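In what follows, chain A forms one complex with chain B and a second complex with chain C.
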Partner chain A sequence: MTDTSTNKNNGQDQVLNNDKVQDNDKVQKKDKDRRKIKSAKKMRDIMTTYYLDAMTARENNKKVAWITSGGPVEPLIAMDIIPVYPENHGAMIGASKMGEDLCLKAEDMGYSTDLCSYARADISCAVVNGGPIGGLPKPDMLVCCTNICGTVLKWYEIQARYFNVPLFILDTPMCHTEYSPEIATYVRRQINEYIAFLETQTQKKFDHDKMVKVGRLALKGQKLWQKILNTTAHKPSPMSAFDSFFFLALIVTLRGTQIAVDFYQDLALEMEDRIQKGISIVPLEKYRLLWDNLPVWYQLKWLSNKFSDHNACLVADTYTSAWCSAIQYIDEDNFLDSMAEAYTRIYLNIGVDQMADQVLDMIKFYDVDGFVMHSNRSCKPYSFGQMDIMKIVREKANIPVVMLEADMVDPRNFSLSQAETRIDAFMEIIKQKG
Partner chain B sequence: MKEIVPFHNAVQDPGALAVNIKSRSKKIIGYMCSYAPEELIHAAGFHPMRLFSSKSDISLAEKHLQAYCCSLVRGVLEDSLAGRLDFLDGTVFPHTCDSIQRLSDIWRLNTNYGFFADVVMPSKLNTQSARAYMKQVLEKFKKDLEKAIGRSISDEDLGKSISLFNGIRKNLARIYELKSKNPGIINGADLYAVIKGSMLMDRDALSDLLKDLVHALESKETVPFQGKRLILSGSVCDMPDIYSLMETSGGCVVADDLCTGQRWFDGQIPENLSPMEALTDRYALRAVCPAKHSGNTNRGEHIVNLAENHRADGVIFALLKFCDPHSFDYPYMKEFLDKAGIKSLHLELDDQQQGLGQLSTRLETFISMI
Partner chain C sequence: MAKPLIFAGIDIGSITAKAALIKDNKLLGTLVIPTGYNPVSAGQKVFSSLISQIKLTPGDITAIIATGYGRASVEFADKAMTEIICHGAGAHFLTPHIRGIIDVGGQDSKAIALDTAGQVENFAMNDKCAAGTGRFLEVMAKALEVELDDLGRISLTAEAPSKISSICTVFAESEVISMIAGQQKRENIIAGIHESTAARVAGLATKIHIQEPVVMTGGVAKNIGLVKALEKRLGFDILVGDLAQENGAIGAAVLASRLG
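Moving on to the complex of A and B:
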């Protein structure tokens, strides 16, 4: 008897508990929906349309150029050439967790496992037409800008051989300590060569009037992107670096178009609105962090939850801000001339000490409590020098720094348990300090 | 052969060699890349000295460079931080790979040898604008050197240096030519010492030593070589064991595509042109390093030509682990060789490894198979 009644009671409790859990779930879901960034859907739609356009370029008599993420896209837009970004594709491959398979396929082709995982994934994908969208549309030409690394030079040579298409290289010498007059002259001359190259490829005269318009739109887009990133200086932050990683796609791929400008205008408004309504991305934001290097694409969700569980928000990052880091050099009335400097003096193409200065500025501007560095096996120019930046940050900003060993696309170079231990220990220090 | 002895001495103890050079009140400028314009360094009165890793354990460099940085870059930084390069009066970093570019920053922030220069050469070489830029960069470097020494470098000074280096290059090329004709004439360990020593030793003294060596080799009698003729391809091959192991397995190096080899001493600089023009052409037109662009198939064609010209039986890619430019080029160069019917082997090396270990079995098998 007693046993039965107890069971009965237990059963009732269970029902009550279930109700509570369901109520809780509802509250949580409502809260989650409230915090969701509404522009995300529109962005997905734009990207889908963009990829469809690129996939059907041939049927529409349009040419496709593959271009590096730091490359000068504006002249392509002005010439009505569809730019396609193997690096953006690499990010998609990573986020859809297809990186390991494609990297392995590249290794079977003879490419070392130590090479950049974007490059490995793209090189094999071109051959097997794999990945989340069944491969990229074939290029009519390749445009490679060396401002982000020497890897793209080799990667684009490989694709130029594979697709047997012309390759244009915009060589932007590294500004270790200065943007010298020699560099300025050299890069400016190459902008002319670039335009001549595009004229040859399209058999069309370069449209300088359209270029002016595209240049203005590009600058406008970059300023809007900067404005959006700046909103995270607000406490609590309306979005996090994980959102920037996602919303970045347009400033990379559709820079210089009205589409990007319109979208970012709306996104900026949404961020303002969130700030006014007090909607933060991390429910109980208590700690604010800065992220360095590319995202770990296949662990975004885990990392985002991990930091959120610690009531920490990655409010900014050095990666997505790179697409507006050279705004100061752009002259919208003289876009082609100023382009040389803007494309040469980007974040990765400067000395480690200048990079550290920019990091210190960001730490101050976003008022962060800690610095998370992704030591990215795939990206040597980004990762080598990080330890010196770490030392400078510790000394000058006096905030805790943690380094996570990973790779942007290849999950074999990431240990979840090690990352977890490091993040927990790092957050412990921040909490003690705070 | 007694003519080889000074080269072995130099290689065995570069530190002692440096002290010796300094005792003659010469200042030393170190560099890590075969694009360093040695002629200018020499014309400024400095001794240009290529830096190799002493292959000591890495501990201090751990605090600056992650483990996925190549052993050469980490090793040289370790040597610097441990004080083993205190003989340096300066360093110069030409544009090379991503790793060396970042090393330049780390070096600038953490060492203090006096003179420091980045010679940010173009990474593409096959356009007019790149050539013009290359010339400007060399002129800028010349000015930097002039500022350091407090006097100008005359065309005559530079002309003399160019002439000296032409002589060195000519004699090194002659030694390689003799070796290809008659592989038994000089063994691999000796050849390694000659080439590495040539990057370390006082160039004026070297010039005489090489003349003597060529003379000795030209009058040397040898038995015809019956083994396998091989080509080494890669960046820095700082592993004498590879040469001797090839020989014990019945092979021999007859040519190379290394920056510690033919890519470094490739070609002559015309002495009847303006020296800066001539120098520019030399660095723009020499056998290209994979960190630079000079056409999409340039290196593939070069390795096939090299193999055919030297009647090679096989090519050994001796690539440093984590060396991106070479690793990216390997599959297509292999493909070019495959198409030409030339066998190749890929070895992944690490400066830190002691001896060749399991690589030796692969090398032996390869040589016996071709």
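Moving on to the complex of A and C:
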């Protein structure tokens, strides 16, 4: 008898427990939905349309130019040429965990494992039409700007040979300390050559009036992007660097268009709304961190959960802010001249001391408790100098810094347990400091 | 009379599992066993063997902290913490004035800087590579047909350490094999291996500007040859306690005593 009643009670408890679990699940789901950034869907739709337009460019008598992520895209937009970014595609390959196969394929073709994984993935993808969207639309021309690295030069030369299309190279000398008059003349002259190149390729006259409009939209888009990134200075932060990595796509690919401006206006409003309603991206934000270098695309979810479990939010990063870090040099009434300077003085094309100054400014502005550096096997110009920046940050900002060795696309250069120990120890140090 | 509070620390490394108990801020006992294939059972075994040696039961233990690579597999622990924080706490407990730790374990090596209060200020770890770890020495001992524990003693008799130029464990092994084929003296090869390992590990210490006094922890601290090579490379003396291998577990027990 006793046994039966106990069992019965247990059964009731079980039912109650199940109800509790279900209620708890509902509460969690509701909380998760509330924290979700609503604009994400719209951005996915815009990106889908953008890629469809690029894929069907030929049928619509439009030309496609492949361009490096730091390249001046505005003249392309003004000429109605569709820009396509192998680096954005590389990020998609990484995030969809297709990087290893494509890198291996490039290595089979004879490329070194030391070559940038964006380059490896793009080079092999062009041959096998692989990746999440079955390869990029074929280019009619290539535009390569050396402000982000030297690798792009050879990478684009390879693709120019493979597709047998013309290549324009915009060479931007490194501005270690200053933007000298010689650099200014040198880059400005190339902008003229760039325009002449586009006129030849399209058999059309360059439309200077349209260029003015595009320039204004580009600046407007960058200012909005900056505004959105600035919202994370609020405590708790309405979004994290993991969201910026995602929302970055438009300021890269559709810079200079009304679409990007409209989208970022809405996103900025959503962020302000979240701040007003107190909706944070990390449920219990207690620690605020700054991220350096490109994302580890194939581990975004793991990293985001890892930091969130420590009640830490990556509130800002040096990567996504690079698309608005040169706003100060842009003059919308004299776009082409000022563009030369703005594109030459981007984050990756300046001296280490200046990079460190920008990092220190961000630490202060976003009021962060720690600095997470990704030593990226692929991106040499980004990773070179990190030890010096680390030292400067420790001395001047006196916050803990951790270095994670990884790669943006090739997962073979990432060790989960090593990264976990480093992040856990780093967070333990931050917590110890109180 | 209130029951005395006893705290346990369990450190599951890639090669050995360690446990430590402290009571009234004094060390009650430690134990080291091989981790083997199963870190979960290694954690249970090292803990239950140690408490039964001291004639205690699990109920006598107030709190447990697990650390090391297998820290997540110790399900009965109250909390898991990284070996970096635990080594800091352990070294400070055993030698309060210590400012730097060089920890070389089976799978990785680290340099840890402590502040004057014994809290971890900064650390550096080897990257995804076996060079400069206990595993590297294990591979070399095998190639040289020498017991791992004898490496240190033998290397002290070297006249002129051989030069190992490869950083990669796999390449270094083939380099060692060609040295054996070239009939270089075993003690010189071993001393060369220690110098190459010391160079890797010292790099971590200088990266974080480690300050004296420095203690060496982890199983590899038992290798006197490597300790000497590190001292030569860094230009200062390194302390090695009797409990170098158990240091992480001791630190975990110390931190367990601070759990609220």
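To be clear about the criterion, the second predicted complex is superposed on the first by the 424 of 434 C-alpha atoms of A that agree within 3 Å, B and C clash if a C-alpha of one lies under 4 Å from a C-alpha of the other, contacts with A are read in each partner's own complex, and residues count from 1 in each chain.
Quick note on the criterion: a residue touches a chain if its C-beta (ideal position, glycine included) is under 8 Å from a C-beta of that chain, and two chains touch if they have at least 3 such contacts.
A quick note: this is a predicted structure, and the numbers were derived from the prediction, not measured.
In the superposed pair of complexes, A:Asp424 makes contact with chain C only, with no contact to chain B. When the two complexes are overlaid on their common chain A, residue A:Gly110 makes contact with chain B while staying clear of chain C.
Applying the stated contact rule after C-alpha superposition, one finds that A:Pro400 touches chain C and leaves chain B untouched.
Touch criterion met: A:His176 reaches chain B, while chain C stays clear of it. Applying the stated contact rule after C-alpha superposition, one finds that A:Met387 touches each of chain B and chain C. Once the two complexes are overlaid on the shared chain, A:Met362 sits clear of chain B and of chain C alike. After overlaying the two complexes on the shared chain, residue contacts for A:Leu254 are found with neither chain B nor chain C. In the superposed pair of complexes, A:Thr146 makes contact with chain B only, with no contact to chain C.
When chain A is checked against chain B and against chain C, the one touching more of its residues turns out to be B. Looking at chain A, you'll find residues 387 touch chain B in one structure and chain C in the other. Here chain B touches chain A in the complex through residues 63-66, 68-69, 95, 97-99, 101-106, 108-110, 118, 120-124, 127, 129-130, 132-133, 136-137, 140, 290-291, 293, 296-297, 321-322, 324-325, 327-332, 334, 346, 348, going by the rule given at the top. Chain contact summary for the complex, chain A toward chain C: residues 387, 394, 400-401, 403, 405, 413-415, 417-418, 421-422, 424-425, 428-429, 432. Contacts from chain A toward chain B in the complex involve residues 109-112, 114-116, 119, 146, 149-151, 153-155, 157-158, 160-161, 167, 169, 171, 173-174, 176-177, 180, 182-183, 185-186, 189-190, 193, 351-353, 375, 377, 380-381, 383-388, 391.
Residues 69, 81-85, 108, 119-125, 127-128, 207 of chain C are the ones that touch chain A when the two sit in their complex.
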